[in-house]
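Structures are listed in the sections that come next.
Shared between the two complexes below is chain A, which pairs with chain B and chain C, respectively.
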Partner chain A sequence: MLRFTRKYGFKAVQEEFSLLSEYKLKCGLEIHTQLNTKNKLFSHSTNDPFASANVPNHHTSFFDVSIPGTQPKLNLEAILFATRLAVALDSEVNLSSQFDRKHYFYGDQPLGFQITQHYSPFAKGGSMELTNIIDSIDQDRLQIDILQLQIEQDTGKSVYRDAEQMSLIDLNRSNVPLIEMVTLPNFYDLKQIRSFIKKYQNLVRHLGISTGDLETGAMRVDVNMSVNDNCRVELKNLPNTSSIMSAVKFEYERQVDIIRHGLTSSLLAEPETRGWNGAATVKLRSKETTIDYRYMPDAELPLVHLSKEAVAGVRASLPKLPDKTIKNLMAEPYNLPLKDAKILTINASGHEQQYTQKELLDFYLESFKLYVKQAGQKSSKLLTNWTIHELLGNLNRLNLPLHQAIKVLPPHKFAELIALIQQEKISNASGKLLLFHILEQTKDSQITQPVDLEAIIEEFGLSAVKSVDHEELMRMCSEILSSVTDPKMLSGITSGKKKNSLKFLVGQGMRLSQGRVKPKLFEDTFKKLLNANW
Partner chain B sequence: MSLKNAISRLGRVPAVQKQFNVFTSLNHNAEEELKKNDLNGQEAARPLNNLLCAIKDNIATKELPTTCASKILEDYMSPYDATLVKLLKAAGAVNVGKTNLDEFGMGSGGTKSHFGPTKNPLFPGKDMIVGGSSSGSAAAVAADVVDFALGTDTGGSVRLPASYTSILGFKPSYGRISRHGVIAYAQSFDTVGIMSKEISTIQKVFKVLDKSDPKDPTCLDESSRAKLQTILPQEQRSKLRIGIPREFTPSGIPASSVKKFLSIVEQLAAQGHQFFPISLSDIKHSLPIYYTLAPAEAASNLARYDGVRYGVRDSKYDSHNDVLFAPTRENFGEEVKTRIVLGNYNLSSEFYNNHYIKAQKLRVELIDEFDSIFALPNILTGSKGNENGVDVLLSLSAISEPTSISEYETGDSRNPINSYVNDIFTTPMSLAGLPTISVPTGHSGEPVGVQIVGQYGDDDTVLNAVKDIW
Partner chain C sequence: MRTRVFTLISKRGYRRSTVGPQFRDLAEIKKYVATPQWSIGDFMEQDTNVQELPSVETVERLLKLSGLLPKDVESLRRKLGHQLVFLDKLVTLDVNEKTDPKNARLLPRNPKPLEYDDLIHAAQNQVKDASLGEISGSWDSVELAKNSKDGFYVLRKAFMKRK
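After this line comes the complex of A and B, so read on.
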């Protein structure tokens, strides 16, 4: 008899991926997030898991290293952070949760167990909504239900030196607080997964409880998935969004293949855990090799008792949630397009930004209020554009944090600057020069007080020429035209065939007038001189 | 106690050590420390000045090794002192050395130590067991080389050796003495205990150690201590209501022990104390509950000994047949391995809602039953106290008297089940965290101890009752 074997698990992801309607994907997520509390979960050592590169095993107390005779001491800040998240997700906070021990041996697990919450987790239920408008999923809206939130310890880190047949262990991360959030299997396409991760990342950043970065491992995502309700496969070791997406695609195709070949009873009969090696999902554990964690309530740590009032207090102290802010910004009086509203609300990454989202949003809202008073609501788009493009652009270029810039250019000064432009008291070009100049001086600490805009405008002679001398303008334009060596260009403008060349001439005029004459005036004058009637 | 007296005691240490194997390591600066304390006039006022003590070797000390009498921690030096070690030092006590024990506190004979069994000083030359697990601490007191010794009591480890050596062994209420630095065997039971021949010494030492400690989450905090003060009797009662639990009078107890117990009852009755028969039917579950919970906690607590960060590590391999750290953990003694296996069995997920959780529920029921017979409220459970309840309970400390080491190691007690039965009188108080002291019934060569047990937090009543017996 002929036999042929297929090696499931070694098939590259196809370029063109699509979900097939007869093979239904069902996914749930399990997300671990490091809380950026000052101290670790059960000790007073500094919570700085990223110090490892320079100083391994530096932020470790006797307890973190499991020195005999030491005991855990619960960090209440972690409880506060967890409460913030639970409340933001509408989860029901367990007013008396408990810590349990989960046993397994590993080199970077100093106690021989992890302290987690198994029998009575911190919060249950809750949900997060994804919408087409805000999160760009294909459906109008999709509610992702949350099963539970639990607080637990992170492990240390193993660094494998295969060549030397050695692993190095760094316990800086050991006992760092984590919150594990588990969703129900509500996802059925990839966009939903991607959007949820992004939204959840932004939420923890917004709440100020985590950097939310996948790259550093501050956030780690496991995916539970099944196809056509076959057995569940758990995907682990997914370091970033693209590997999450690739792993789900690969695993979907692998399972579809198995189903198509009628091999479900042998290959998809039992739940298994698979990892991602960059090209394929590979089996890590199946039922036979499952670890029995021998859960046990921790005999030393007391129950975490919270009062209803404490939870209500946390609820009241929460900042407005991002979806709500976006909706507000897109409505009257701001009327921002989604893209701009998101820039003002959603933190693209947890760090390497010159501002926190709250700083930026507050700055914008305050500037908006003051600007509208001076310039009216109609031209508010100008303020938005200047905030998002000019201001942020300059901050990034200069590596200048917003909070520093605000000292020199507080909202009322910024609003004043934009109002001056709007009222054509200075030209757009002068405004740009001025803004850059102010920020550059701030960066170099040459200005430290709120700037006196009028004085600077005066100093640089930037105020727009109020009434332009007609003769003077004609003279400047003639001069520019006489210096043009390409007569074809001029005739092209006259005939209207080379309309863009006119812009070149206007640019020359702006330079000659140091931007103090509005471009429109130059445009009109050149057209007149060249008899261009278009 | 005088300095001269203390120094002469120190002089006897080497001989006692040679004869009874009391210590795992000795403090060679003890004499110097005594003299230094004495010279410093101001410090002479300290409550434990000129007192010598011994510390069980499962309590962390910076200056001497902390081995738990286990090969796995042979030569291990703790980077810090346990809270109680600091308190004793500050009070002027001088530590003579670390004392032998059943490895990690697991055992009732004092025989299961990596450093060999401790021998009972009451029977020189006869190689009799001391009882465990605080065997060396009991022996040090019995041999008169220290004024007091610190032990730990998980299921009777202070009271049983005290009974076998005719000394006082006090297990305070759980949570009164900090466990920070006490190496956990089963920390929902582990209690630091004080052993001495003098009740006044025990009271003095207890006063020094009875402090809150933010480093130990199970140590009573200040607010609980304040609450405790509000429910405790303002004045010590001169006439006590004493309960004798029916369940503590099983058959098979040696007639000599029963006789001594009854003579104590008569002695107390003659002093005007009243006796009441009581029943605590849940006591019969004590051993199964204890031997479900304690080994489970032990299996968990001992998971840290993998040799990676401290302690002994197998020189060649970190795993055997894919079992991580098996070669290193091979270094545990047999009794410890037995209890780790038992503990893991109890925790395994095969049993729906594992045995541990069930046993915990039964433990709560037992505590409720104790609450129902005591007159005093219990601040931990919120029990209001029984108006017609008793002040203390009285029972024997052990079902037997000490045997020879060879008999203990080869006889029926070698069977774990039999040796565990020995704990029947001591485990109920451990399960409920009750203050209990074992008091000798006489000075004879047949050591038999009786236990006085009080309601949770009522340690003073228990200690004060001793004077009517001892």
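After this line comes the complex of A and C, so read on.
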């Protein structure tokens, strides 16, 4: 692999990356998150930054496009959302915050300044804890401290047409509310960064204040990093987690090279901003100094005065936070393994998914309660498995959103279905067929009301065969055995060398009996017929 | 009775306060308050011998930061210098140091703090104002631009990328 180390900018990231103990990495994150309020931050035009693909400049008020004489008016929903986040992060909400103007010139920012919070931001302090158990970091636990949260407006979007020497500007995103969260430089390895981003992403989704998607730009992560406490470099334009990781790795190696060559005084003397081009970090610009931004209080926006009670009210209205939920799910009465607790609480990708995390969790908890009443707590693992594997699997396969499925299969019906399986009133295999059938019919809008399980079971004759006729069973199994054309398979089962082949036979039996006979009965009968004594 | 505080501002730009004789009646106070103690003219008057104009580099940098072309730099230097003299003198004025700098704007100082219900109510009752163009697609903003393409505003090459 070629390395043009003398240029300190061109070298591919090594495939096997590792941090070196004598070169200490220190990172902080700045995360911009679009709040999914109904309307924009300083106008009531629709907050839909992704409409640009079809209709650019569609959701724009006079203020959003900076028509002279227009004034900002604060959307209090953004204040509500910001308070939710601040409280969840244990930050101290500033009861009297203010908006300021940050001046810089750019095509997609027609005002010539961004309205942000510089002098008196919305909240300060707070933290988020990463743990080995929940977040898979290498350390037992690590506290990431939050410096501050500030509310600001997003800019428009530029589409560069280099060949035509122009850029196209869409202001649908202009004035969309953002919250900028800045951490202290508490990160010192890559796993911590990755885990934090995931956890923060999940938190904003859990609080219902943002989609948290990196891919769409609803969440944008900048990394401030330094090696051995040299000047910090800010990495920007990192569109997804893998870019973030690759950029940090590349930049670490670049800075280590500079230090090794004794060039820190010339190449790491001043802060700079670098972007990621997919293969290397590239200098975008020297970092502006605060004075260049010519901050000033916004003359048209009053201070945001919040009462202490308002903050307390928001605190009381917050849902239980994910870490707490996971711990609860792992304890009595649920006793879930961590993996399942995480699936029910935090694993949603958010993007193009059939359920929100809250929908799934609420569905599970309600079903659990009703199932335990019918079937007792001991067998609750069955409900969990059916929720996570069968239900979610089918929703994904059918592309059916959970909220739609719930109309036909609400928690009490789902609990009833699993209880029927637990009580062996229908077999496992019949249960699977039944669930898929119900969901498929829901997808095709053939069922729209809560389903009558007993009627369907009756209609399709899915009731488990209560007492199996021994002779009939022997006859079915003999018939299957006689149709097997590979004698080696049968001798392999007898000798125990091909134990797995027995499953094939059982499968044939299940098919023949339409899933109404328990697989164990087939297994025992086949073994008996084949003299398999293992 | 209150004592008089005279604020003297010399043409060289410094100021001092002195305590004068007592006011004798309300009319005298009203007259004193109504009589300007200084004029903008005093502040704008320049001592050309001491005035330092901002450097050409500073002016060019400010123009660049503002996305403006570096034209008429000399004239802009003089205008900026003039404004700086005013600002210079302005900062010599007495201010009440106890005043919260957040109140340096013509906005209500002590509005009633927002309560939880205010936030919820505002969030649930958002109304679009048609007279402010807040209804999506109700007006064609791009139509106002000199250059546009497929519904986008167009930025020409010179301003494309932030340097």
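Keep this in mind: the second predicted complex is superposed on the first by the 523 of 534 C-alpha atoms of A that agree within 3 Å, B and C clash if a C-alpha of one lies under 4 Å from a C-alpha of the other, contacts with A are read in each partner's own complex, and residues count from 1 in each chain.
Note that in this section contacts are C-beta pairs under 8 Å (C-beta built on N, C-alpha and C of every residue); 3 or more make two chains touch, one makes a residue touch a chain.
The shown structure was predicted, so the numbers you read here are calculated from the model rather than taken from an experiment.
Taken together in the superposed arrangement on chain A, chain B and chain C clash. When both complexes are overlaid on chain A, the residue A:Phe62 reaches chain B and chain C alike. With both complexes superposed, C is the one of chain B and chain C in contact with more chain A residues. Of the two partner chains, neither chain B nor chain C is touched by A:Gly376. Looking at the shared chain after the overlay, A:Gly496 reaches neither chain B nor chain C.
In the superposed model, A:Lys38 makes contact with chain C only, not with chain B.
With both structures placed on the common chain, the touch criterion links A:Leu76 to chain C but leaves chain B unconnected. Legend: residue contacts after superposition of the two complexes on their common chain; A:Phe105 is shown touching both chain B and chain C.
In the superposed pair of complexes, A:Leu95 makes contact with chain C only, with no contact to chain B. In the overlay built on the shared chain, the residue A:Tyr295 is in contact with chain B alone; chain C does not reach it.
Shared-chain residue A:Gly461: touches no atom of chain B or chain C.
The superposed model built on chain A shows that, among 199-207, 253-261, 271-279 or 397-405, the segment of chain B colliding with chain C is 271-279. Common to the chain B-facing and chain C-facing surfaces of chain A are residues 62, 65, 67, 70, 103, 105-107, 112, 119, 169, 292, 294, 297, 299, 301-302.
Within the complex, the chain A residues that touch chain C are 37-39, 43-46, 48, 55-63, 65, 67, 70, 75-77, 79-80, 83, 95-96, 98, 103-107, 112, 119-120, 158-160, 165-171, 284-285, 292, 294, 297, 299, 301-307, 309-310, 312-314, 317.
Residue ranges on chain A touching chain B, taken from their complex, read 62, 65-74, 101, 103, 105-107, 110-113, 119, 169, 292-297, 299-302.
Those residues of chain C whose C-beta lies close enough to touch chain A in the complex are 65-67, 101-102, 104-108, 111-120, 122-123, 126-129, 132-137, 141-142, 144, 149-157, 159-163.
Interface residues of chain B, counted against chain A in their complex, comprise 59-60, 66, 68, 73, 76, 78-80, 82, 179-184, 186-188, 214-218, 296-297, 299-300, 302-306, 308-310, 318, 324-325, 344, 347-350, 354, 356-357, 360.
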